[in-house]
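Both complexes below contain chain A, partnered by chain B and then by chain C.
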Partner chain A sequence: MQKKLIGAILAVVLFGFGGMSFAETIELLNVSYDPTRELYREFNDEFVKYWKEKTGQAVIVRQSHGGSGKQARAVIDGLEADVVTLALAGDVDAISERGLLPADWQKRLPGNSSPYTSTLALLVRKGNPKNIKSWGDLTRVGVQVITPNPKTSGVARWNYLAIWGYVLRRELGKDYVARLKNPQDPAVIAAQDKARAFITKVFKNVPVLDSGARDATNTFVQRRIGDVLINWENEILLSSNELASAGVEIVIPEVSILAEPTVAVVDKNVDRKGTRSVAQAYLEYLYSPVGQDIAGRNYYRPTSREAAAKYSKQFPKIELFTIDDVFGGWPEATRVHFADGGEFDRIYIP
Partner chain B sequence: MAGAVQLRLHGSQRGAYAARTESPLVRRILIGTALMFLVLVLVLPLVLIFSTAFSRGIGVYLSSFTDPDALSAIRLTLLTAAVAVPLNTLFGVCAAWAIAKFEFRGKNILITLIDLPFAVSPVIAGLIFVILFGSWGFFGEWLAAYNIKIIFAKPGIIIATVFITFPFVARELIPLMQAQGSEEEQSAIVLGAGAWQTFRRVTLPNIKWGLLYGVILCNARAMGEFGAVSVVSGHIRGLTCTMPLHLEILYNEYNFAAAFAIASLLTFLALVTLVLKSIIEWRSARQTAFENPES
Partner chain C sequence: MDLKGRRRRVLPGFGITMGFTLTYLSLMVLIPLAGLFIMSSRLSWTDFFSRAVLDPRVLAAYRLSFGAAFIAATINALFGFVVAWVLVRYRFRGKRIVDALVDLPFALPTAVSGITLTTLYASTGWVGGLLAPLGIPVAYTPAGIVVALILIGLPFAVRTVQPALEDMDVELEEAATSLGAGRLQVLSRVILPAILPSILSGFTLAFARGIGEFGSVYFIAGNMPMKTEIAPLLIIIKLEQYDSLGAAAIGVVMLVVSFSMIFIINMLQFWSRRYQ
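For the complex of A and B:
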């Protein structure tokens, strides 16, 4: 009786654990951030077909989604991602710091390893009852702002930097990028102080900090909390389509940041699993006409000229600055703003 | 002073009298309020779960379960329960037996330790295992050298579930066994029974219903656990998502019908658990009444 029971338990365990180790198909794990679910579902189907035709090999692409920072943390802790497709270079940098991929990873693919870009947009309630037109309106008393937590979410970092950059642009005028080259300039120092004060006020208006972009959308659209949601342009265009009946409107600020989500092969994992060539091909396929078209269809701004032209109508024309121009790149922005004890920790005291 | 006491007595007597002969109107209002509360808090959510699940027709409902990712989530949930429940049953019986029938040093510490999974937040429970088995964790290097995956794979999910459901059986049995004392076991041993024989013939029949009750609660939690499993899962679709995690993913993808289909299955399992629990309570009550007819 007892032996039988132990046997049965062992059988279940072995069946459960052993089942997949003899699979003939290649498995690829793509660890990604929150709003890319629809994009990669479509892209994976196409890639599986393409790879089968090209090599005859069957490949299964597994997906894991969550806040970008949280996902990077999981890869560092041992989630065996073959490729990471995260919201920002800073999160891939964190993985590379632990030696899972080389420090110059961003040079390995075109366009700083960003096959598609995006920017930020605001979502407001129908009829825009609080009359929100741009970043400047977010500090008004009585406006509740929904943005996720910059500690865990990629878009939240972009949101934060977009607002900071907007204030610098407003204070320093058209040639702000050139003037920022001289950080000792009293006007620049004054502008930075203004930006700090401004963003402190914005975060006073934030009632909840969700951990990821999709959670924030659900808070705003499903739970109907807040007056304005700052989120990915692609996420907002997608949700306004899927939730047309939810009673929300899009507002695009006239100045914003060019968000560059980045992709990379995780060397240490692909070398151990022997999946380097297919992982590399997977990311390169994102730059192909098929990949670019799928990106555009899912409201990401394609980087290839043909696809960008094809989808230009769905993206409003606005002035975009890059993180390199205004903040000196991700490592610098992370150090100054988001590291423990950085600007954000001093600004946001819950 | 005496008058005041008398007055108060009089007043309370009147109150008691009045309570017995509450006017029909007040009685109806009270019962009505209780019923309304019950409907609002318990029945309505249940109805909503099932109605949302079926909102796009029975075809969509059924196809939510034939989706490979959903099937994998159901399989993983069943596997997790199939490992966690027997392990914790075995452990629970051993621990309760030791604690209730023997005196030893450190007994109170053992009781406290058994309660630990109840006391800590499930998220912390999950993080403990990341710290132990993660790449940078205590055993990380050793596990990597032998290419053993625990965190972000099925073993991690099972270990976290075992930890969370650890106390259920033991907690159910300890008071029961303590109340029963060890006289019957002592008599059995005096009469020449061996240890195993004593356990099987004397102890086990006495704790049968309590044990089943604990197993059912343990099973319910093993299938429904979210927090700890979420931390160690890695959320790989079709591989490391249990039913509660799959439900969350579907909900976040605006796929409400499918999300609530999975929710309805989980709810259904919970309802079956509750019915089983009631049957066991009823049968054990009947058994006690049968054994002590005078009480």
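For the complex of A and C:
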């Protein structure tokens, strides 16, 4: 609150002085999801410096954080975001369906518009008393799992899909991605049934269904409910020092999903505000060595080879599958699993 | 019409004030509500029923929302009466502070009361820690929802009964006692009939507030589908899935049901006044 206030005063002061003495000051609004606070605080400072040096223009980057789906809704309802940096492509798709940016937005930046990636990590109580090593342990009787509601939380969708994908990998073996191309194969159908039964068992072990990642963390760490929490790897690694003192430990499963948070320029908004060039440069700067380094420092997995090598030590080597490989992309995954009456809803129908 | 016969009123002209009332009510209440109906009318009847009436998950949420609000309002009507009684009939040190405390749930952001209650009633909290070994979990069960709604509804129950009790002369009770009535008889034949209408309006207000309450319940409920998921949360879930029609349909059903319930309670109140 206080920071916001100071920011607002600073913005007003800068704006006032800027209007008087320098050229115009540009304002960018970056609408993002919850755990990117620290990342963008650092990145924005660097970008402001870079842009000033390159063009002489002063930029102020304002940030908005919240649950990914909620943030997408806000943009649809008129929040004037120049860029969105959300937890999953599905949320940006929803904005594009309302005509705010073209449908092929994901092709406009390298790596499916994901400058950095992440995956999931498990948090368990000190000493790992329930001996939880991987997804397979989540269905055991007496293990309470904390994960938010996939209907309302971005990370919860990744959690759900990681577990589902893990079962497919276990059932179909190493060449599971190739075998999934043939959905009529009886072995594939059997594996999908196994995955369905498995995820139902996992959610039977969920005692509280929070609506967002931060709420779930509070339930686990502060209220001490549950034996294991599933959350973003970057968020868990970032707060690992605090977490150690809170009496919890990190476990990273050996097979998991590659989470690709996506970034995009919101065309309708930048064209109206005349901020397209700076918004575009802002996102491209995320792919620069500076941007990649900041991502790595904040425990996101960088996509450039140099930065990835530099930070490889902090990330355990695990086998990662993508949503395109296993679920046929976000629109398909949403339709099958998370839409009303989809797989997730059926878990709770007795 | 004889102008002199009209009573003088403080505010000018019936026409102006009535016009203002209608405009104001339209802007603040009728137009938003009409919008809700228009929105949901874009659904066909079969769609409307399958999404907002017959879906088992939605039905469970209605049952929970209305049931918990009903139980909480009943408890509030009972204990709110006791609190009001103490505040009206007795003088004691710190009475003003107690009186002010009653309004606190109004002033508190509902999220704050929700988080506080959850911390207290979770199995690691002060109260929850005592109840859990007895096999009475409160947080993350329907009981937790009732607790939150009791807190939210308490001021309504107390503040509606208080003025009625203040208006009631102590002489009435004394007269009844001198005519040979026992304590229970005084309570049931003298006091209750006089204040029943205000207890009922307190109940109605607390009930109506409880049906729509979201902020505090959300934290303590646990939000499990079919078990502890309240109807307002379902509306929010629908909205987050970009399904505003489905959300509007649930809103309409809740509106119609609560309006009918409040209407029935008001009728009861009207009759109880007539037969006093």
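As a convention for this text, the second predicted complex is superposed on the first by the 321 of 350 C-alpha atoms of A that agree within 3 Å, B and C clash if a C-alpha of one lies under 4 Å from a C-alpha of the other, contacts with A are read in each partner's own complex, and residues count from 1 in each chain.
Definition applied: a contact is a pair of C-beta atoms (placed from the backbone, for glycine too) under 8 Å apart; a residue touches a chain by one contact, two chains touch by 3 or more.
None of the values given here were measured: they were computed from a predicted structure.
*Asks:* Just to be sure I read the superposition right, which of the two partners does A:D77 touch: chain B = first, chain C = second, or both, or neither?
*Replies:* first
*Asks:* Is A:R62 contacted by the first partner chain B, the second partner chain C, both or neither?
*Replies:* After superposition on chain A, A:R62 lies in contact with chain B alone.
*Asks:* Kindly classify A:R214 by the partners it touches after superposition: chain B alone (first), chain C alone (second), both, or neither?
*Replies:* The first partner, chain B, only.
*Asks:* Could you say whether A:T147 touches chain B, chain C, both of them, or neither, answering first, second, both or neither?
*Replies:* In the superposed model, A:T147 contacts neither chain B nor chain C.
*Asks:* Could you look at A:D340 and tell me whether it touches chain B, chain C, both or neither (first, second, both, neither)?
*Replies:* second
*Asks:* Where does A:Y348 make contact in the superposed view: on chain B (first), on chain C (second), on both, or on neither?
*Replies:* The answer is second: A:Y348 touches chain C but not chain B.
*Asks:* I'd like to know which partner A:N159 touches here: chain B for first, chain C for second, both or neither.
*Replies:* Once the two structures are laid over each other on A, A:N159 reaches no partner at all.
*Asks:* Does the superposition put A:R37 against chain B (first), chain C (second), both, or neither?
*Replies:* A:R37 sits against chain B, while chain C stays out of touch.
*Asks:* On chain A, which stretch or stretches are contacted by chain B in one complex as well as by chain C in the other?
*Replies:* Common interface on chain A, chain B vs chain C: 76.
*Asks:* Using the touch rule from the top, collect the residues of chain A that touch chain B in their complex.
*Replies:* 5, 9, 12-13, 16-17, 29, 34, 37-38, 62-66, 74, 76-80, 98, 214-215, 218, 239, 242-243, 272
*Asks:* Inside the complex, what are the residues of chain A that reach chain C?
*Replies:* 67, 69-70, 73, 76, 94, 149, 151-152, 206-211, 222-225, 338-340, 345, 348-350
*Asks:* In their complex, what parts of chain B are in touch with chain A?
*Replies:* 76, 79, 82-83, 86, 130, 133-137, 140, 144, 147, 149, 151-152, 154-155, 234-239, 249, 251-254
*Asks:* Write out the stretch or stretches of chain C touching chain A in their complex.
*Replies:* Residues of chain C touching chain A: 51, 56-57, 118-119, 122-125, 140, 218, 222-226, 233, 236-243, 246.
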